[in-house]
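Each of the next two complexes has chain A plus one more chain, namely chain B in the first and chain C in the second.
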Partner chain A sequence: MLSTLTSRTGLQGLIVYAGFVLIFLFFAATLGSESFLTTKNLANIVLQTAPATVMAVGLVFVLSAGEIDLSFGAIVALAALVAAIAMRNQPMIVGVLAGLGSGAAAGAVNGLLVAYGRLPSFLVTLATMGVIAGIGRSISDLQSIPVISPGFISFFGGGSLAGIPSLIIWTLAAIAFGHLVYRQTRFGAHVLAVGDNPRAALVSGIKVARIRLSVLILSGACAGLAGLLYAGRLQSARYTLGESDLMTVIAAVIVGGTALNGGKGTIFGALVGSLMMGMLNNGLILMGLSVSYQMIIKGLIVLVAVAISLRDPNR
Partner chain B sequence: MSNPVLQLKNIHKAFGGVTAIENFSLDLHSGEVVALVGDNGAGKSTLIKMISGVHPPTSGEILLDGQPASFADASVARERGIEVVYQDLALADQQPVYMNLFLGREPVKGPLRLLDRNRMIAETEALVKELDVRIPSSRATIRDLSGGQRQGVAIARATHWAKKLILLDEPTAALGVAETGRVEATISGLKARNLAILIISHSLDQVFRLSDRICVLRRGVQIGIRETAKTDKNEIVSMITGVGQ
Partner chain C sequence: MTIRFKSKLASTLSVLALMSLPLAAETTGPGGEAATPTSAVTIDDAQAAELQTKGLKAALLWHDQSDFVNAVTAGATDELTRLGIKVVATTSAGFDSAKQMSDIETALALSPNIILSLPLDPVASAAAFAKAKEAGVKLVFLSNLPQGYKQPDDYAAIVTDDLFQMGKHAADALATSMGGKGTVGWIFHDAAYYVTNQRDQAFKTTIENDYPHMKIVAEAGISDPARAEDIANAMLLKNPDLGGIYVTWAGPAEGVLAALRANGNTTTKIVTLDLSEPIALDMVKGGNVTAIVADEAYELGRAMADTGARAILGVENPPFIVAPAVTVTKENVAEAWQQSLHRDAPQTVLDAAK
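This part shows the complex of A and B:
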């Protein structure tokens, strides 16, 4: 198993697993079974990372296609707010569709500008990040909006199915669906081809523009779902949701083994990367560090992890 | 004689204000090998890209089987049985060999239309064996192959899918003597299968070994077409260089 894993992804692909184990052992040793090593805390880490993992799935597609999305954090808040506002006087399903729809629509705006406007995704999503964050602030008046639908809160937040918490089901569903599409469909193969060599993809009859549009819509929709998960777990929506996820999710995906410049990636790696980032977050809080130190240490660890991940001997 | 597979009529191509091809005309018949020769920058690759639909000509006509062809993009030409080995090979470097052979045409199976990797791998292995392309494995990543092996993969892909016309842009540029011999044998095989072949090469020995006719281009100008059997290297060299005419 290990040997097939190495031969397929190279040693590089294993770094995320090593980092995961290392960080786990570090916190287990320093914090021990009082705070970190409890079933409740470990389960909590998984639940808390659910939105980030869902965002990571979308980002794997975007990066693999050779693009970047900087706006997904802002889309998270927009989708959560839109869903919460819609559910003030509409049934849950309207809120869900409005939330997911606003995420996908924001992604479509990014995608159209990138694919057909031929603008670099870095600049497009940097700009739309600001615009979307502004829209989120304006529709919510900087207030947090409560979500009262019990169905929604159970489905996207604290509920469970056959004893498995909803958030874990969402995580597994996103990973399974993402992996299937990424590895087993022509769409996934074309995403990789476009990120690898767009000219070769074009002369091979792949609709390059359509792929670029699709991955950005997918990323927007994933961010929309992540917004619903936040709204369900916190039972409210606020313009600050997703704000801190931008760096975390990009780091999770890259540490997980997805290339920053396209053509290569893994959904499972992104899951492990995301759990690793969640564990880091959790451990630093439990160590009692102030928020400012948490930010500094997290930033440095991300820097080291990303630097190691990108040291591809073939590049 | 039957309709030519490919007819180029007064093709003109300019990039911005720069003329790359001036008034080029050529008929290409099935079972025929035409070599396109000329110095660097003469416009050879540009001509191939116009035939395959990468660049539209600025003016002039391209006919396929006597029908005007207007290729919106390169996929249309492919659907009509035209395959190209581009000078830069057009391979996706981080993908395995078998994915490159099926790039844009991946077979799927089942109601979920999932990729049929086993079939791609099996067909790749058969093809690589048939053409004697020596690569470590059909699952090898293109980036890990030598320049010659990559060229072998690009040629294998084009020969696998070509039904009517194959355009080869310096297909043996990176190949050793033995590999060049194998590619030349493959090209002769395609000719025997009655495909039309347009090959760009800087090796006049190769051109004389393979071609029925030789078309010379100099700085975008079509200098002339000669029957290979009725010309010699000296004449072709002086047509290419413009010296000694």
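This part shows the complex of A and C:
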């Protein structure tokens, strides 16, 4: 009923914003200004969700093109580890390029298998998720790799520019870049066209395979950047990084209004979805709930949000 | 049991890095500190009364969820309640260091005075706990230590299991059931995990040093618990007259038990570590299992709470505190289960023990 109404009035895309405001108001009312509403806590939510938001930008492109990437969580760890290992005896820039490069390379492998091997992205990335996670474990020997470059830690972790924390700057940069490319470029339009109807896109001259390859490389690069943000924040890299982000980021992107089967998406929605997931984590802990109840309530709220976002009134 | 074991292995991440002597003759702290038993770390009524007036808050920031963590949480929460300290947040990082850092930041918004936690990773947790340390929160660590942290300025103390005693108790229990003589099979965890390595080695050392008429005649490493039955079968084929088998933890012990049953073997004794319902059931029914050695997880939580409270009061804490091991047998199963996890043994076990 609600989704029919919102769809008719074109408001379905606004659901995530309404949900965000409702959850915010609920926590503000129940937890008050002593904990939840403090500037520090609200800043914490944004800082903590920065890597997930960056991953979400890449995933919006992948889903919009009608594909899926299940390997980005594993790529996060790989990129962080590669960067940390490179910086043991190389300057920061080498570490950054190695981290981002490994992410993009992993994405390229996915993309080549999907676009030119004509394999379904679900199965390809399910398989490469295991391969990449295994490589991460292998190159680190299951140990944490410390990051000791103060420049890297400041640039990707705890530093700030003109009083703005670097993690917030990275979040804004990723969102701005993602939004511009998604909405203002021919590439963005082609991604949507391929996701909406690949046959029609092909007939109209769009290089469908190249678009599929590109979105998976972009997703890998975004995961690589998220890995660098984690490495900067934790001042170390570990093979477990990103493992638990897979479902959270997929949920954030879908709750944000990106269609699971392609042709529709929004970068801003993904940002709000990501912040909503972070706010739920934060607020439920501050409420003093046991871990089991935190999981149950978070799951139920995501279920409701996804149901409202995805429900097709014509089905 | 797998979950509990996974939880145990979390300690690995740390204690591994902590302890310079991986196979010490007894459980020692990160800087070689002698272990102090948890019974020495208490809060008396006068101190409790003083704490109750302070309006203190605590956060329990765990690495994961498991029955072990639940028992530690119960011990800590009961004691904190006695001391008038409110538990304002409980979290589980699901073995994710980044989540643990977020959990710490989030909990700090509630201004806790005490944080009890198992730092997942010495390297990452050094950065993660820095803000709590700067805020003057009293940190009590379970089994692991962030890199570079010094006691007592940076943290109140580390509390952990007495791993050496767990292995030693297992050896003593098996020796008792075998009358101090006979042949033994040793199934150890074949992986670089501090927790299991310490316990396994302590068993072996005790048999070799304390029981001259017992001999370890078969050794087999196990990395996949699902293969325990095959390994036990091979061991029994070569040594059909084995008097007893030590199994590194209860999961694979279930496989070893299955092998003995399949062979119609009712004489070879099994001793293992960590509580498990199927293993306990065999033990109380007079089967192959002669004893299970467990840790006192509830007591561990109680001691963590008191360590934090003592730090608040300015009472000096020992740097390295260990919770005792408890040997569970058919005779004491009800009390020992309570002693370990502070809850009743499964009804099936209690009924069979009658």
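Here is the rule we go by: the second predicted complex is superposed on the first by the 299 of 315 C-alpha atoms of A that agree within 3 Å, B and C clash if a C-alpha of one lies under 4 Å from a C-alpha of the other, contacts with A are read in each partner's own complex, and residues count from 1 in each chain.
Here is the rule we go by: a residue touches a chain if its C-beta (ideal position, glycine included) is under 8 Å from a C-beta of that chain, and two chains touch if they have at least 3 such contacts.
Predicted model, so just to flag it, every value in this text is computed and none were measured.
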item	value
Clash or fit (per the criteria above) of chain B with chain C on chain A	fit
First, second, both or neither for A:200, with chain B first and chain C second	first
Contacts of A:230 with chain B and chain C, given as first, second, both or neither	second
Which of chain B and chain C A:238 touches, first, second, both or neither	second
First (chain B), second (chain C), both or neither touched by A:298	neither
Touched partner set for A:179, first chain B, second chain C, both or neither	neither
Chain A as apex of chain B and chain C, Cα-centre angle in degrees (nearest 10)	140
Touched partner set for A:282, first chain B, second chain C, both or neither	second
Which superposed partner A:41 touches (first chain B, second chain C, both, neither)	second
First (chain B), second (chain C), both or neither touched by A:212	neither
Contacts of A:189 with chain B and chain C, given as first, second, both or neither	first
Superposed model, chain A: greater residue contact from chain B or chain C	C
Nearest Cα pair across chain B and chain C, whole Å	37
Shared contact residues on chain A - chain B and chain C	none
Chain C residues touching chain A - in the complex, by the definition given at the top	62, 65, 87-92, 94-99, 101-103, 105-107, 109-110, 121-124, 126-128, 147
Chain A contact footprint on chain B (complex, rising order)	52, 54, 73-75, 78-79, 84, 86, 88-95, 99, 103-106, 108, 112-115, 143-144
Contacting residues of chain A [partner chain C, same complex]	35-36, 38, 40-41, 44, 47-48, 51, 144-146, 230, 233-236, 238, 240-241, 243-244, 281-282, 285-286, 288-292, 294
Contacting residues of chain A [partner chain B, same complex]	180, 183-186, 188-190, 192-193, 196-197, 199-206, 259, 263-264, 314
